[in-house]
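Please see the structure below; I have some questions.
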Amino acid sequence: MSEDPRTEDLGFARVDLDRAARTGDAEVVYGAGKTPEQVVAILRTLHAKHPDRAVLATRLSDEAMAAVADLDATVDEVARVATLGPLPEPSGLVAVVSAGTSDAPVAAEAAITARVHGAGVREIRDVGVAGLHRLLGVRDQLEEADCLVVVAGMEGALPSVVGGLTGVPMVAVPTSVGYGASFGGLAALLAMLNSCAPGVSVVNIDNGYGAGVFAARVARRARR
Amino acid sequence: MSEDPRTEDLGFARVDLDRAARTGDAEVVYGAGKTPEQVVAILRTLHAKHPDRAVLATRLSDEAMAAVADLDATVDEVARVATLGPLPEPSGLVAVVSAGTSDAPVAAEAAITARVHGAGVREIRDVGVAGLHRLLGVRDQLEEADCLVVVAGMEGALPSVVGGLTGVPMVAVPTSVGYGASFGGLAALLAMLNSCAPGVSVVNIDNGYGAGVFAARVARRARR
Amino acid sequence: MSEDPRTEDLGFARVDLDRAARTGDAEVVYGAGKTPEQVVAILRTLHAKHPDRAVLATRLSDEAMAAVADLDATVDEVARVATLGPLPEPSGLVAVVSAGTSDAPVAAEAAITARVHGAGVREIRDVGVAGLHRLLGVRDQLEEADCLVVVAGMEGALPSVVGGLTGVPMVAVPTSVGYGASFGGLAALLAMLNSCAPGVSVVNIDNGYGAGVFAARVARRARR
Amino acid sequence: MSEDPRTEDLGFARVDLDRAARTGDAEVVYGAGKTPEQVVAILRTLHAKHPDRAVLATRLSDEAMAAVADLDATVDEVARVATLGPLPEPSGLVAVVSAGTSDAPVAAEAAITARVHGAGVREIRDVGVAGLHRLLGVRDQLEEADCLVVVAGMEGALPSVVGGLTGVPMVAVPTSVGYGASFGGLAALLAMLNSCAPGVSVVNIDNGYGAGVFAARVARRARR
Amino acid sequence: MSEDPRTEDLGFARVDLDRAARTGDAEVVYGAGKTPEQVVAILRTLHAKHPDRAVLATRLSDEAMAAVADLDATVDEVARVATLGPLPEPSGLVAVVSAGTSDAPVAAEAAITARVHGAGVREIRDVGVAGLHRLLGVRDQLEEADCLVVVAGMEGALPSVVGGLTGVPMVAVPTSVGYGASFGGLAALLAMLNSCAPGVSVVNIDNGYGAGVFAARVARRARR
Amino acid sequence: MSEDPRTEDLGFARVDLDRAARTGDAEVVYGAGKTPEQVVAILRTLHAKHPDRAVLATRLSDEAMAAVADLDATVDEVARVATLGPLPEPSGLVAVVSAGTSDAPVAAEAAITARVHGAGVREIRDVGVAGLHRLLGVRDQLEEADCLVVVAGMEGALPSVVGGLTGVPMVAVPTSVGYGASFGGLAALLAMLNSCAPGVSVVNIDNGYGAGVFAARVARRARR
Amino acid sequence: MSEDPRTEDLGFARVDLDRAARTGDAEVVYGAGKTPEQVVAILRTLHAKHPDRAVLATRLSDEAMAAVADLDATVDEVARVATLGPLPEPSGLVAVVSAGTSDAPVAAEAAITARVHGAGVREIRDVGVAGLHRLLGVRDQLEEADCLVVVAGMEGALPSVVGGLTGVPMVAVPTSVGYGASFGGLAALLAMLNSCAPGVSVVNIDNGYGAGVFAARVARRARR
Amino acid sequence: MSEDPRTEDLGFARVDLDRAARTGDAEVVYGAGKTPEQVVAILRTLHAKHPDRAVLATRLSDEAMAAVADLDATVDEVARVATLGPLPEPSGLVAVVSAGTSDAPVAAEAAITARVHGAGVREIRDVGVAGLHRLLGVRDQLEEADCLVVVAGMEGALPSVVGGLTGVPMVAVPTSVGYGASFGGLAALLAMLNSCAPGVSVVNIDNGYGAGVFAARVARRARR
């Protein structure tokens, strides 16, 4: 339908080759619902167009992780993501703070995404509010960051507590960790949207990728 | 329909005179949706039957508060409740902990209810999670209680944080304080039901009365 | 990130070794989403630290139940929980009351949890409200308890009826038993939160563990 | 648009004059959202067409109740309904059972509707499940009925308990009585739909009228 | 816990042997969540106690259907139910009306249940509102029934249309047939609760059993 | 911020003067939340720019209706809309079909909007599904239309029945008429989205305006 | 139950042979929940009755696609539909516009359905709002259509943007593409219903079939 | 309960005087639910403690706006906020972008909040997606900002479109503007959470204040 140089038609998808120019961000393949062959094809196309900086693939199935590993991509099995190409020089610092061990996949997706998008990353794990000494023990590390990503499931209280300790910009990620009246992460989402700490912004349930993009943009600007 | 001595028929209501015998609790009038005259009539009937211990009226309109004041009842305008008759000797200690000033009416309803139901009460206010130093400063007071009532609106995070600090039995009360995606207290309710701190139980939104009854039962037993 | 003696880092998790000191409760492993190996590792770590009292593992898969059985843990297949180490001397009495046979796993989780947390336990089964003679026949047993755990799915009416019969503190557990407009236990949850019997508190859907912790705390205090 | 003798065009409404022929039921004016003048006009039209049997108006405003009283209609202020014309000979017996005093308007609407639709009616009030002795005391009266209308708000448990006591056909009416997580009667509605007692059918929240029509149809048939 | 002759303890369940005496209905086993062995054991126990009238088992798995067939029970594979023992003499007539072929299992469950509970049954299928001629063609059959069961999924409009054609008592059954914004039958459920035709009562989504019990009770009474 | 000839800045609003050129539709003022003065100012601005064809104002308060009447606008009090300027020559025919008298305001908004947008309009009222003879009596009129707007509240069944009678393109409008489990029109909305009749499209609850725009576009094209 | 020539009874279904006469549309088999054998039988019956025009089968399982391929039906594996018989001469033009590659199956279902129902079809893919240049590049193609079908998941913004560019009648199809707070397509559905662009109508989530029927009806009329 | 210098007890509230030290933000009074006298008292207390920088009061009633005007506070009647004390030197640039005139109050609250929290602010109004030329005309202004606040009601599509045009960090604010299936802003909230543009974060419905705090923190850091 078009021969726009900003897109490449793979038959099953028209790949947007122009996003980096428009937004300064890395190129990305959202793997959910795609076959391993499709993921490989898009990743290759993007890498060929942008050999100098890493492209990212997220939400990969076991089969897709195996397939992209054959491409020499770097795979993170906890985050279910892969990167292909050299990571950019880090600029600014994102701290990814998570409440419990079950939140690890979402936190890892956020961390790798932020790194691919140009920020340095520090991960702070298992600092849920039911054991405050763990969170209070890392307070200085929070202050050193340019942007915080705070990941929690269940009642989603961690962003409110962190937001009372520091004025660093923060994006909260509710996870689907929980059962019963958690309703797949709705409880944590609503809690974060209603945080009594000012300046908490929120992304979709389990959306570590979106939080990572956002935080990297903030952190890079803070160090321009 | 019956001449059961356990009820008295006022025409508009059949008053249960037997609850104290069955459950050991004080008699109570739920004022919502009742006229001042109806509240006065029921309060009088219950007081006549139980002159030796306070009866309680909750959720009173301005008009009902004025009407029961004429009865020599003791009225609390923040809690919108009244008591008629002597308060029982306190046994055990309930601590009513609240997050913000907007939660005051619900906390007050819980406190008076617990007192009428036979417990001693201590109120701890304005210790929301966005300023942790306030909560940490009262930690000892939490430990001294036999049961905690923890009241919070918005994201409802306070019970999780308190539950990580102490093993005292706790009942959490979500309030309708908030706006937008708080959905009238639903956000706080879901958060409390999903608390990562074990042993948190929850009552209905704004139900200070129910929490007070519950906490007094626990506290009285702890000091038998 | 820390060498706090209150935690032990297993790589995939930072185990909180301090909860007993803080809250007086048993240590616990929440098995959902963990591999059998992870459950075994955490259970072992906690047991090594607390050889004198039972530690608890809940929500175990078939594989995890097999794995912990090899550890000489005691496994309950209905409740899908395991305990490792000697049970504490029981203090106080928790009665776990359930409505139907389908509620058995949740009731069993509550019962074992309460026992591990130091209370004596009596189970009263199959006393749903559609056959009141069964419930009325056990009324005396309800009165003997220090705390009631009342477990029901479908319309969740049992706590209201029990709450009209006795003033013993009660925590209600809605279960996901039902179909259609039960919405995974939401119907029972809402019913219990709106109980016309005063003093009913509620935990999350299917949260037998939380109810057991709560009830044991209340029961132990009643017999101090 | 038509000159069908089965309808009469009042300009603001086309009145269906044929419903009685089709369904055997009384004619009715639903007053909500209509002006007093409109209610009067429709009531008069229906009465002129059916002078030999009562027509019914429901959900009347204060003004509409005053206006129809001038028509010599019989007004019930609790139910907010009026009837015009002679009531039919009663056939069969409907028992309207309600849980609390706040449910009185809905129960009254059901009772008058059933009476206008040709059934005899007995009202049994204030038999909520939190005081079972009241309900058990009227058990014989339940058995004598041809159809039960059971009205309850809050947790909506009464139909389940009644349904365990008797096999009389029952229609349950959830009311909007409650607050917080009652969500305007949703809690009671869901509870009734999930009743563990078989053979409970349900109408819309506060729909005493619908329950009354239904119960009268069943009761009349039982005595043909 | 009891030796009440009204129950029999099978270890995994306490079977209520008294329901027939209390409500006049058949005994029933709800098969969901039970093993084939459990279904067989309960069915046998009930049949031994009531050899003279059919007992019913519903919501059977493929395995349970095979197991009860070995018992000489009569199995209906569409309805996924079985009966054991002689069916009662039919009294009164229930018409089970369904909208589409996908509603067949729920309609069949209702039909067999009504038959086991003592009514005669006529099934009228595939008369959805998008082809009115089919429904108008069976109008006389609707009038001959003592009670209607009207089964529909998707938008659930059939009860409103039937309710405008006849005054026979009707119970509506929403089914989970549909997708997207049907939300598992919620759309049909809400539509039926809001029917503009008076006298429509509703049971839970897919609850053919409940509708069958209800309709049989009404139909039997109509022919006493 | 701009001097684009396609907009005019009134201080409180930047009026889009270009919509007609882009979409061929009339200009419109959405009156909700605007003061009478603001409505008058925008209406005047649009009329000055487009003196040759009617501009439309919707959702007017009583005060705004009075204010625009002074402008010589034509006001419809049922629809709460006004038009200023000459109506276009009608092309094609829209039939606006409504279920009950309470749906009249929404139907009227749709009818006037369609007329202003260039279609001829026929209104067919009070043809709800509980009295099918009324709808079957106008079947020929449905066939003559180029597009149908079908308006209904409560259970929203009318579009499904109409959709089974004719293949004319249809847009359905759910209204907020109803109570209880209608949830402000949600029941009708879901029913219409799940219609078993193919080719039913739906607009927002009470959105007569949107339906009118849509239907006029279809009708005009049918007569080009 | 009937020998109406307008239906044919296959035992498991009564096939409506008359829909084409009533509505002018093609005959269709909804494959969800049907066995391959049932799909084949119904498709054959309809084809025998209407050999001169294509009949359609939708929502086919892999097995059903294989079975109908043996019938010489034309199968589209992306759309999961099949057609049997000659396609009609196209009249009018439907443009099916989709936001992302994951929306392809729904867009394909809409496109084939519109074609079977007599319209010409153009597909415009991958023009999501996050890369506006793609959409702006096809603006002329939008104007050439007689009706637009706009398909999008996630936030469902595409219909609003398209609706601001053109006045062509448009039906929007929300898809279930998304995760977390997309709630199975609810987010896109609500967005489309609330579109700020006038004249957007909406069908059920993933209902490409309904949109295709609707659009073809509009397009055919535009070229009569 | 404490004499902590970080708080001041006004009887009805314990004012946190320490927030600025902890987070670097301005002090603020949330006016909803407070009397004019309470707002004045808290504003005065905060101003006395921080005379050198503006304190902020939000969500003011008409009466509270009048009362604080007497204090020499600067009042914005559209935003319903007031400031007392000198505004800080602006650092960095926040662009507040809004979709329609009805979104003005929320946009104004965001703008003033960002200014009080130390950022420069540019407001860009009335650039809703249904008239893309308005948004495309201000594209350069978006790029100049350090952080964007994007405010929209109804379908909430604006953040997705803006997010496709620029990589500037963006926080989206859904507003309660809309009706029917907007459900008080839920539609816009869900749309924004599901944005297909990466890096969009979201705050609560109508929460201009939270967005302003967040954006100012990001903008200030970008210019350190």
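Per-chain residue numbering starts at 1, and chain names A, B, C, D, E, F, G and H are given in the order in which the chains are listed.
As a convention for this text, contacts are C-beta pairs under 8 Å (C-beta built on N, C-alpha and C of every residue); 3 or more make two chains touch, one makes a residue touch a chain.
The structure presented is a predicted model; accordingly, all values stated were derived computationally and were not measured.
Q: Enumerate, in label order, the chains that touch chain F and chain H alike.
A: Looking at chain H and chain F together, the chains touching each of them are G.
Q: Identify the chain pair with more contacting C-beta pairs: C-D or B-D.
A: C-D
Q: Name the chain whose C-alpha centroid is farthest from the C-alpha centroid of chain E.
A: Centroid comparison gives H as the farthest chain from chain E.
Q: If you take the mean of the Cα atoms for each chain, which one ends up farthest from chain C?
A: Using the mean of the C-alpha atoms as each chain's centre, the farthest one from chain C is F.
Q: Once chain E is fitted to chain H on CA atoms, what angle does the rotation have, in steps of 5 degrees?
A: Result for this pair is 180 degrees.
Q: Approximately how many whole Å separate the CA-defined centres of chain B and chain C?
A: The mean C-alpha positions of chain B and chain C differ by 26 Å.
Q: Measuring from the mean C-alpha position of chain B to the mean C-alpha position of chain H, what distance in angstrom results?
A: 36
Q: In chain F, which residues are in touch with two or more of the other chains?
A: Where chain F meets two or more other chains at a single residue, that happens at 22, 131, 164-165, 180-182, 186, 189, 193-194, 204.
Q: What chain-chain pairs meet the touch criterion?
A: Pairs of chains that touch one another: A-B, A-C, A-G, A-H, B-C, B-D, B-H, C-D, C-E, D-E, D-F, E-F, E-G, F-G, F-H, G-H.
Q: Once bound in the complex, which stretches of chain H touch chain G?
A: Those in contact with chain G are residues 99-100, 128-132, 136, 154-157, 160-161, 163-165, 178, 180-183, 186-188, 190-197.
Q: Which residues of chain C touch chain E in the complex?
A: Touch residues, chain C against chain E: 101-102, 104, 124-126, 131, 133-134, 137-138, 177, 179-182.
Q: Residue numbers of chain F touching chain H in their complex, please.
A: That would be residues 1-2, 4, 6-7, 12-14, 16, 18-19, 22, 32-34, 174, 176, 184-186, 189, 204-207 of chain F.
Q: Across the complex, what residues on chain D touch chain E?
A: Those in contact with chain E are residues 22-25, 28, 146-147, 164-169, 171, 189, 193-194, 198-205, 209-211, 213-214, 217-218, 221-222, 224.
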